[in-house]
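The structures come next, written out as structure tokens.
Paired with subunit B in one complex and with subunit C in the other, subunit A is shared by the two complexes that follow.
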Partner chain A sequence: MKLAARLSLAVLLVAFLLAPFLVHPGLVFIAGFAMIQIVFALSWNLLFSYAGLVSFGHAAFFGIGAYVSAVALRYGWHINFLLIPPISAVLGAAAAFLVAIVVLRRANGIQFSVLTLALSQLVVVLIGYSEYLGHDEGISAIPRPVINLGIATLDLNNPLASYYFVIVIGLIAIALIWLVVHGPIGRTMQAVRIDPERAAFVGIDVWRLRVVAFTLSGGFAALAGSLLAPWAQIVHPDYVNWLASAQPLFATLLGGAGFFWGPVVGVLGLAWLNYAMRTFVGLSEIMIGASLLVVVLLAPQGILGALRDAVRRRRGKVAGEHR
Partner chain B sequence: MILDAQNIEMSYGQLKVLHGVSLQVEEGQTFAIIGPNGAGKTTLFKVLTGERMASAGTVSFRGQDVSKLPAFKRARLGFGRTFQVARIFTELDLLTNVVIPIEARIRASGKSPGHWWSWEPSREVRAEAEDILERLGFPRQRWEDEAQYLSHGDRKRLEFCVALATRPGILMLDEPTAGMSPSDRREMTRFLARFKAETGITIVMTEHDMDLIFELADRLMVLNYGEVIAVGEPAAVRDDPMVREVYLGKGGQHA
Partner chain C sequence: MRTNRRQFIGGALGLGALSAFPISAIAQSGGTIKIGLITSLQGGYAAFGQNHQRGAQFAVDEINAAGGIGGKKLELVVRDDGLKPDIGIAAARELAADGVRIFTGGLVSGVVLALNGIMGELDSIFVSAAAHGNNLTHEDFKPNYFRVTDYSAMRVGAGSHLVAQRYKDAKVWGSIAPDAEIGRSVMEVVNFHLPRAYKELHGAEVKMTETLWTKFGATDYRNEIARLMSQGIDGLIVGLGGADETTFLQQAGQLGLTKKIQGFFTSGSEFLGAIALKERTPENYWSGFHWYYGAYPDNPIAKRVVDTFREKGYGKHPDGFVGMTHAAISAISAALAKGAGETSKELIPALEGMSFDSVKGKITLRKEDHQAISDVNYALLGPAKNEDGWEVVDFARVDGEPFAGAPTPGQPLKFG
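Here is the complex of A and B:
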């Protein structure tokens, strides 16, 4: 099972890396967009499957990254664009930290989730008031940057360069998230999710751990957002609203909550659904919704959960025949 | 004196559960708290461990007033505890269950338990966890098992490992034999006796099983309706007429 999982991951990685040479530009665009969504969904799942917190407003942090990077490009800030993802991550983390120390003082269950939703909708309203951020129309026709790498320059106006920029930064983010959740911080987060009281009685500061988890998660969400502007060349309040906040939740539930790679499977599943239904104008939302419903009803543990159960059943059967 | 509680009062709304309970526990002692259901044992336990804050009164640990400290800070000072129904990190394997409190202890002491990016626990942490699991009778081939598949007795034993990994100065055991079969109870009693002899650790426990109490406890306290009605040597407390009345009713025939 481990081997099969590793092989699938390797195939997926190769598919992402070779996409521009294998499929038409429309699909390459979807692949780059999926990579951004994957990082976003993983940042959400770090909070959900590891720290046990449900954020309904995570798109606000995604939006911080998206708007920072859009503004930097639109208004021609004199910053090497290579610094924008890390700067976005720091700003997103700082915002998440402020939210966490206020909100987590009082709540960590459903009240926490609803408060994150309210705060993120507030961000949408604030964007609507801002001339600088383009009101409700967002910022469009964002120019792609030319990045000075010291020894060479990387011109993201080249489609190939911009694709690999998104993929490489995305892979770095995925690696960082993987390391965080599999290291000592991740272990402590799991302890708090499984039993916060037990965790407290071994000396874990539960509140502080949750603040750390929320801060990290906000940082990674903003990092994902910062890739949107150079890739899609448009940033819009629709990327910040509650529907956008629901995307990582859908992806995680579809792919499998409790699995690190669940959101990846979910994002790709959703992307495929969206693509497959694109010609059914007006019907596509209904069909996507219906498909999600079917998956949730048939496989409450998501796609990876269903796969795991199938493998276990098969193994059980084989073991039974030996008796 | 390792633990000193003075005049603990506790109310849930209008309901007063503890009426000025005091207790002193000496280093190395095993101190048992008994009483009928609803006597306030569990509430007293929660107040001592920091799960609930007392309405009035003080709790001191090694001379330091800990009355206002939350549970995790008391745990860092040296309170280890187990629960009536064993609470472990069910979805994680046995080794990780023990690694987590060790890492928490190291972090609380201001040191780093290992690089944030290392997906394996550090060698020292792992060695300590393995040592604890081995000492409490979990063989190597079970270390990777998920804790949720353990039997009831094994869960209790793993919870001991988790509590010990914090290197507690005092172990707070909330009904260590709750829900156990008679044979499991005897095994737990033997285990606790051996454990106490080996480590000399201070233990405070609530318990229903009198055999275990008379085997292990140095001091026994009886609670009834939130008040201490007797405290002292177990044998002396057993013969106290008031205790007999509470447990057996007036003119009890079943002694």
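Here is the complex of A and C:
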């Protein structure tokens, strides 16, 4: 199983790396967008599957990165664009930290989720009032940057360079999230998720750990957002609203909650469904909804959960059965 | 052989995967000119998007029936933008990779702004048939973008002039608009044009009461209606749009506001409110149109479009979305017929300053900012005892040129 999983990951990585040479530019755009969504969904899953927190307003942090990056490019900030993703991550993390120390003091569970939703909608309203951020129309026609690397320059106006920039930064973010969840912080998060009282009893500061998880998650979401401006060349309040916040949730549930790679499978599944249905005008929403329903009914633990059960069944083990 | 559930699901997934495999489905052939139509075919905009598709297809069919352009047939390739900029961009990039260089459609301004931003990179042009934002031909102007319809400031300016002309004695005007950029922009235009029109036409001063700002998606306007009724207004400007506007009109009719005032206008809802409200459609209701077909009874192009629309069983009343994609294809074919090739380098100069015949009569695409200079259409709607439940009582074709403002591509629209 582990070998099959590793092989699948390798194939996926190669597919991402070779996409510009295998498929048409429309699909390459979708692949780049999927990479951004993957980082965003993984940042949400860091909270959900590891720290046990459900954020309904995570797109607000994604939006911080997206708008920082968009205004930097649109208004010609004199700053090397290579610094924009880390700066966005720091700003997103700082905003998440402020939200966490206020909200997590007072709220838990569903109250926490609803408060995050309210805060994210507040961000949408504030954007609507801001001329600098383009009101409800967003910031469009964002120019792609030329990055000075010291010994050479990287012109993101070149479609290949632009694609690989998104893929490389996305892969670095995925690697960092993987390191976080497989390191001591990740294990402590799991302990808190499984039983916060027992975790507190053994000396874990539950509140502090949740603040750390939320801060890290906000930082990674903002980092994902910072890739949107140079890639899509438009940043819009629609990327910040509650529907955008629901996307990582759908992806995680579709791919498999509780699995690190679940959101990756979910994002790719949703992207594939959207792409496959693009010419079924009028039917696309129904077919996507029906497909999701089928997955939920046949595989309540998501696609990866279903695959794991299938492998166990083949080996003669049944989930939940003691042998 | 029996197929078990696992085999069936596997087979279905395999077939699905094959159907999604990105094989070029519309490889460019030598004898056709492909035009990409990107519009919104789902959600609350589906009806408009469908009419976008119909209007464009009518125009393509007419041109092909007459032998095409230079011996080449036109072919319409339709993609849904799902109301999302990224889906619109992916569709445009996919079509561009298949050799499409000419695009039209565009309903939602976010999607049009996104498409606008990449047309230069794709060496393509976008002839917009509905997007109404002032910014598209001002601060966000791009040389590869043309607009064959009027735009928000032009429509609202013409509407202000129209009501000033029709309601000489209405001296106090109220207004209700969403507390968002679109609402603020509408009110900026009204506050500039309405007092000016009264002064010019009647030498009279007009009083504008304080605008009532609402939230998008509001469902209860009773407080606002009560305030408007207490303001002693003679006329009203409704800056709400879509479902919000319909909800407001229904409640304003029930509470008697629309009977109490002489007239009111909304800038861009076409037949939407009347179709939804039927016999509850309020009186004195001027609705703005991209194209109102009844205003062009002697225009043979308009007559053809109306007849085709009815013959195909799409209904009795083609809206402005049908008319404007038809106009977009007319503009594109006129430029191609002038000898322009399909590249943006050839099409842009051919379209700049060009006048062409359309469902709306002569339309000129202004050279500087690629904005259509055309009529602005309004229709006076009211309840009726017929199968629709509403009727067009009167209509107006206002010359749009005085309200189009000076072309200032790259600069925001300014008043005063």
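Operating definition for what follows: the second predicted complex is superposed on the first by the 315 of 323 C-alpha atoms of A that agree within 3 Å, B and C clash if a C-alpha of one lies under 4 Å from a C-alpha of the other, contacts with A are read in each partner's own complex, and residues count from 1 in each chain.
The rule we apply is simple: a contact is a pair of C-beta atoms (placed from the backbone, for glycine too) under 8 Å apart; a residue touches a chain by one contact, two chains touch by 3 or more.
The structure displayed is predicted, hence computed values, not measured ones.
Enquirer: Just from the overlay, do subunit B and subunit C fit on subunit A, or is there a clash?
Expert: fit
Enquirer: Once both structures are overlaid, what angle do subunit B and subunit C make about subunit A, taking C-alpha centres and a multiple of 10 degrees?
Expert: Seen from the centre of subunit A, the opening angle is 140 degrees.
Enquirer: Is subunit A touched at more residues by subunit B or by subunit C?
Expert: Between subunit B and subunit C, C touches the greater number of residues in subunit A.
Enquirer: So, does A:187 touch the first partner subunit B, the second partner subunit C, both, or neither?
Expert: first
Enquirer: According to the stated criteria, A:201 is in contact with first (subunit B), second (subunit C), both, or neither; which is it?
Expert: A:201 contacts subunit B only, not subunit C.
Enquirer: With both complexes overlaid on chain A, does A:138 touch subunit B (first), subunit C (second), both or neither?
Expert: A:138 sits against subunit C, while subunit B stays out of touch.
Enquirer: Touch test for A:267: subunit B only (first), subunit C only (second), both, or neither?
Expert: neither
Enquirer: Taking the superposition on A as described, I'd like to know which of subunit B and subunit C A:179 touches: first, second, both or neither.
Expert: After superposing on A, A:179 lies in contact with subunit B but is clear of subunit C.
Enquirer: Between subunit B and subunit C, what is the shortest CA distance in the superposition, whole Å?
Expert: 29
Enquirer: Subunit B touches which residues of subunit A in the complex?
Expert: For this pair, the touching residues of subunit A are 179-180, 182-185, 187-188, 190-191, 194-195, 197-206, 258.
Enquirer: Note which residues of subunit C are touching subunit A in the complex, please.
Expert: Interface residues on subunit C, with respect to subunit A: 9, 16, 19-20, 22, 24, 41-42, 46, 78-80, 82, 84-87, 89-98, 109-110, 113-114, 116-118, 121, 133, 135, 140, 142, 180-182.
Enquirer: So in the complex, the part of subunit B that touches subunit A is made up of which residues?
Expert: 49, 51, 70-72, 75-76, 79-81, 83, 87-92, 96, 99-101, 103-105, 107-108, 113-119, 121, 162-163, 165-166
Enquirer: Spell out the part of subunit A that touches subunit C in their complex, as residue ranges.
Expert: Touch list, subunit A to subunit C: 23-30, 33, 128, 135-138, 140-142, 157, 232-234, 236, 238, 272, 274-276, 278-279, 281-282, 284-285, 298.
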